[in-house]
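One structure is given here, and the rest of the page talks about it.
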Amino acid sequence: MSDHTQKPNGTDESPAPETMEGWYVLHDCYRIDWATWRRKGVDAQREFLAGLRDWLVSARGADTGDSAAYIVSGQKAELMFIHYRPNPGALNGVRRDLMACGFADMLIPCYGYLSIIEVSLYEASARARAMLAREGLTPDSESFQERLDTEIAKQTSQLEARCYRSIPDREYCCFYPMSKRRGEHDNWYTLSMDERRDLMRGHGRLGHKYHRDVTQVISGSTGLDDWEWGVDLHSDDPLVFKKLVYEMRFDPVSARFAEFGSFFIGKAASPEELCAYIGQN
Amino acid sequence: MSDHTQKPNGTDESPAPETMEGWYVLHDCYRIDWATWRRKGVDAQREFLAGLRDWLVSARGADTGDSAAYIVSGQKAELMFIHYRPNPGALNGVRRDLMACGFADMLIPCYGYLSIIEVSLYEASARARAMLAREGLTPDSESFQERLDTEIAKQTSQLEARCYRSIPDREYCCFYPMSKRRGEHDNWYTLSMDERRDLMRGHGRLGHKYHRDVTQVISGSTGLDDWEWGVDLHSDDPLVFKKLVYEMRFDPVSARFAEFGSFFIGKAASPEELCAYIGQN
Amino acid sequence: MSDHTQKPNGTDESPAPETMEGWYVLHDCYRIDWATWRRKGVDAQREFLAGLRDWLVSARGADTGDSAAYIVSGQKAELMFIHYRPNPGALNGVRRDLMACGFADMLIPCYGYLSIIEVSLYEASARARAMLAREGLTPDSESFQERLDTEIAKQTSQLEARCYRSIPDREYCCFYPMSKRRGEHDNWYTLSMDERRDLMRGHGRLGHKYHRDVTQVISGSTGLDDWEWGVDLHSDDPLVFKKLVYEMRFDPVSARFAEFGSFFIGKAASPEELCAYIGQN
Amino acid sequence: MSDHTQKPNGTDESPAPETMEGWYVLHDCYRIDWATWRRKGVDAQREFLAGLRDWLVSARGADTGDSAAYIVSGQKAELMFIHYRPNPGALNGVRRDLMACGFADMLIPCYGYLSIIEVSLYEASARARAMLAREGLTPDSESFQERLDTEIAKQTSQLEARCYRSIPDREYCCFYPMSKRRGEHDNWYTLSMDERRDLMRGHGRLGHKYHRDVTQVISGSTGLDDWEWGVDLHSDDPLVFKKLVYEMRFDPVSARFAEFGSFFIGKAASPEELCAYIGQN
Amino acid sequence: MSDHTQKPNGTDESPAPETMEGWYVLHDCYRIDWATWRRKGVDAQREFLAGLRDWLVSARGADTGDSAAYIVSGQKAELMFIHYRPNPGALNGVRRDLMACGFADMLIPCYGYLSIIEVSLYEASARARAMLAREGLTPDSESFQERLDTEIAKQTSQLEARCYRSIPDREYCCFYPMSKRRGEHDNWYTLSMDERRDLMRGHGRLGHKYHRDVTQVISGSTGLDDWEWGVDLHSDDPLVFKKLVYEMRFDPVSARFAEFGSFFIGKAASPEELCAYIGQN
């Protein structure tokens, strides 16, 4: 696995915020061809489900990543798989393994999204400084720099854990891609770094308000897929998706600068639940 | 069923209007593969129709929700099912049951929309205050606060009934999704709450003008699907859809801030009418 | 058939122009699956064509509406049927009857559009006043109001005839849907009624210039389909479509406020011509 | 064939430039279903190719029009046919004849475009006046009006020949549709005729610079298809397409007012080359 | 092979930057029909893979161009082939050869892009002048013009080598098409050449920063396909694609003027790796 935290030299003067990256992420969505399924005999159906279950069990057990399955509401997809892996080649591999299952005869590809989990390094530094301030340490204190370095290292280590996390174990998932607007008037990428920092700070407070009810996984996809970020919200109550996204829409950074792709709402399914859903008849 | 009225703490200062939610809603649309239908024998056709009818009868009889079928005009879909259920998982279940019918061999998925019935809590408070004003009670009256609390509770209870209502029993339905515009100049989400309230008030008056001829069901879908609201108009005369939507288009809130998705016009079909429509030849 | 001219109470103060409506209109377009057609035997082909012809003859003979068939140029569709009927349910019926034909095995749905023929009531009043003015009658004349009422009734009766007309019998048809722009700067629906009336008057003059060469049928579709109007131009010379639409594009109301959907150019085909076109080989 | 040069009365005051029209044009594009082709036996393949060749030979030999075939690069299409015919009905006929070929089993329709060759009448008048000026004749010369009429007639006759031309015989063709922008700020159709004339003059100079390397056929499609013009560039060197279109993009009339559809690059194939391309294996 | 460096006369006064062109490029993308693959017997599968491998080996060995295969992440495509060839006809040929493989039964076309490798001639002149300046030579030096001509010739020769290069041999490829914005306010093509040159200079510095980690191949497609450029980034670490494209997004020329198409991320596969990927089960 390549060292994702290594950065090209000289980025200090760059207006692009520093980020730390972790697992690559694939959202992999399918419709089910039920007419073909019904034409298979009972024995073949049983065999197909066993193969699908084995694949999902094995994918979830990956020691370098994680996998999960969801039943999607509506018609954009019927099944959504989320995979975390160390690189795109490994994601290709897990998808190729699914295609090797006999059940893949019933899978109609309908949507995929490639991204990579990311956290902002700015956050680590900001949290470390806030921690020291709460302890009464000021930049002119004797041990300030030493304590700051220690604290930043601690924070960075926590962020790194978030970059290589497992898929949150909640009942529902809401996935959507988004970009920052580059309109002729409202253009995120022509704002100064200070303007962007101020706008994002208010945004963060709002996310924090919901942090008990929802686990958020942000992945970057600029240069990897057609939007700039993928957002996964995981919660036991899907109403929280509506409350959170609706309230965020009034936040200036979303109101003026966010553009959204399609929303996928899935209900988590263990290998057994997935097979029960498909094989019920 | 989770408690949808529970709200995250501290939303008082939020610019997002408070809402109360009820049933989740799925609009589920299909084309019919008539060539495959014609190739089935008469006996198989009879069996398929019986299965479809049983499914629809059972779905309509749900004690936690409701279901209805429509024949859609034009080519965006031929059948539209509307389902009200307590959560997305239950909606997945009713759709899965349809897929288990042999008739599903003839169903080509073409459109789906997920949302949740919502009413504005602001409305409850506004109505309660209006009621007291009509009775001559002013905020400095002795019993004002007590009466207000009672009245709000009554109004809230009525709103809750609307959140968990059944599907209006009218001959025609008009469904369309919509969002508020977030343009670079006309941006709904950067208006102040007062501006939005004033704009919505005129909008409400217009809706009221048609209230005898049309039953309106508003469902929210921010964070659930690709538009922010789903709108269902139910009426015995489809011309009312044109009159209402056209007149609304001149209302400032629609003229400047509304963006519309596709319109689906369906004629309600009971289980028997649905089977008669399909099985006529 | 419901009374389409009945209007909700109190629309006088509405900025939406008063309209009178007639037949509902369905444009119903298909590609032909020629490979499947070739695989059918000669006898089956003959039987299919007879069924298609019977359906079209019967649809055209409807005493509550009209029907016509067109061979479409290009690849957006190969066949376009236009149906006029008293309500969407009746349109569903005629389309369902087509699907019952064996020939429907060869029909691939590709486009549909639902609308309702409309004329502006403002036109009736304006024409009546112009008529009286030509006779030298002024509003302060003794018999003015009486004559005006008579004249309006006459004009209204003529408009009603146009609302329930038959499909113009010309060699070519040009169909396209359109909407008035609701841009952030050029927004039709925020203009005053006077501004709109002035803009439409110039527009009307241009339409009049071509009235000998082309018969125009305007149908409204706000709230019924995805654009606000459907426009059918019927002419024996398809070049007139280009001349008229191009010249209109410079008219301020089109230049600034018109948005256009796809254009379908069809050559009218009688039941016999339709069968000859399909069955030639 | 209808008289295309006949114009409706009273267009003199119109802001729409006068044009002369000739052949109607159909661009008719297909993918090839190679899997089906491979499943046909060698004898059937030979028969199919013979039928396709006969159709193309016959279409090219039309005494009222012309036809040509191209192998398209990329995946927008694999085959593109261009047909010139006197009216849309005749274009329907040549396409119907292709569908009657057994080879049509392998043709998957993917794009079509209907237009009509046009030249600006303004050009005839401008050229005639320039010719007289070069001869030293001024408007107040005795024989000026007589000479002008003769010269305009000569120029008009040359333009008419261009309207009813054959398809240029060059190795490569570049086809794309385009429209003039009707933006809220940059709107071609609200410019004065003088502004448009000045802009187009610079545009013409640029086209002239490439006239030895490329033959350009402009066809109008306002009211006939979804863009306002179709442009065909024919050249033996496809690099000229890039050089010309790129340089034009800096010309003010394109920079501010041109909107482009998809570009199709095809290599001309005679009936024999077409059959060799398909039948190679 | 035509002489691509030949330019039409008189382009000196043109605002379009001079470019030198090399190989034509085709990006050719497919999905794999795994259900059909599974239905083939083991012997047939072996034969199909051998044919596919032979085709790729032969295509890569072309003495006038190059070819490479990639496994694409996500669902936009599963296989992407890149071909460099001297003209579009040769690209048609290599694609036709793929269609002649039995494996093509499993290939579902999903995306293609035609372009031509280009470098800016301005770059040659600028580099030559910089070289002389570093040597202390000023424009008024005796041998300046002679040395400049020699240096420009040397630089031009190096650029020409880049125009006819082979496909970079790196583990991952990121392909995306892009255009310069022609908005109503931010319009690249109405900027002066000086403004454009200044904007591009900063852009170039950023590209240079990543030059050790990524090899960039720019191809022009104005007049050839639907965007103005194709960009290929080749790197052993796909994270560099995200870092580079994200940082570029803040560069003024991208922030205000770049519009992007879809991003395709592929992992390079030799003929053996490609066959192993497909044939694993």
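Think of it as A, B, C, D and E in the order they're written, each chain with its own count starting at 1.
Following the convention adopted for this analysis, contacts are C-beta pairs under 8 Å (C-beta built on N, C-alpha and C of every residue); 3 or more make two chains touch, one makes a residue touch a chain.
All of these numbers come straight from a predicted model, not from anything done at the bench.
Seen as a C-alpha superposition, chain A sits on chain C after a turn of 145°, to the nearest 5. Where the sister copies chain A and chain B meet, the same residue numbers recur on both sides for under half of the interface positions.
Centroids of chain B and chain D (each the mean of its C-alpha atoms) stand 49 Å apart.
Once the centre of each chain is set as its mean CA position, chain D and chain E turn out to be 30 Å apart.
Each of the following residues of chain A touches two or more other chains: 184-185.
If the chains shown are joined wherever they touch, the resulting network closes on itself as one ring, and no chain has more or fewer than two partners. Of all residues in chain B, those touching chain A in their complex are 2, 4, 7-11, 14-16, 21, 24, 26, 28-29, 87-89, 91-92, 96, 99-100, 102, 104-105, 109-114, 116, 182, 184-185, 187, 189-190, 220-226, 228. Within the complex formed with chain A, the residues of chain E that make contact are 31-32, 34-35, 38, 71, 73-76, 171-172, 174, 183-186, 209-210, 213, 233, 236-247, 249-250, 252, 254-256, 260, 262-263, 265, 267, 277, 280-281.
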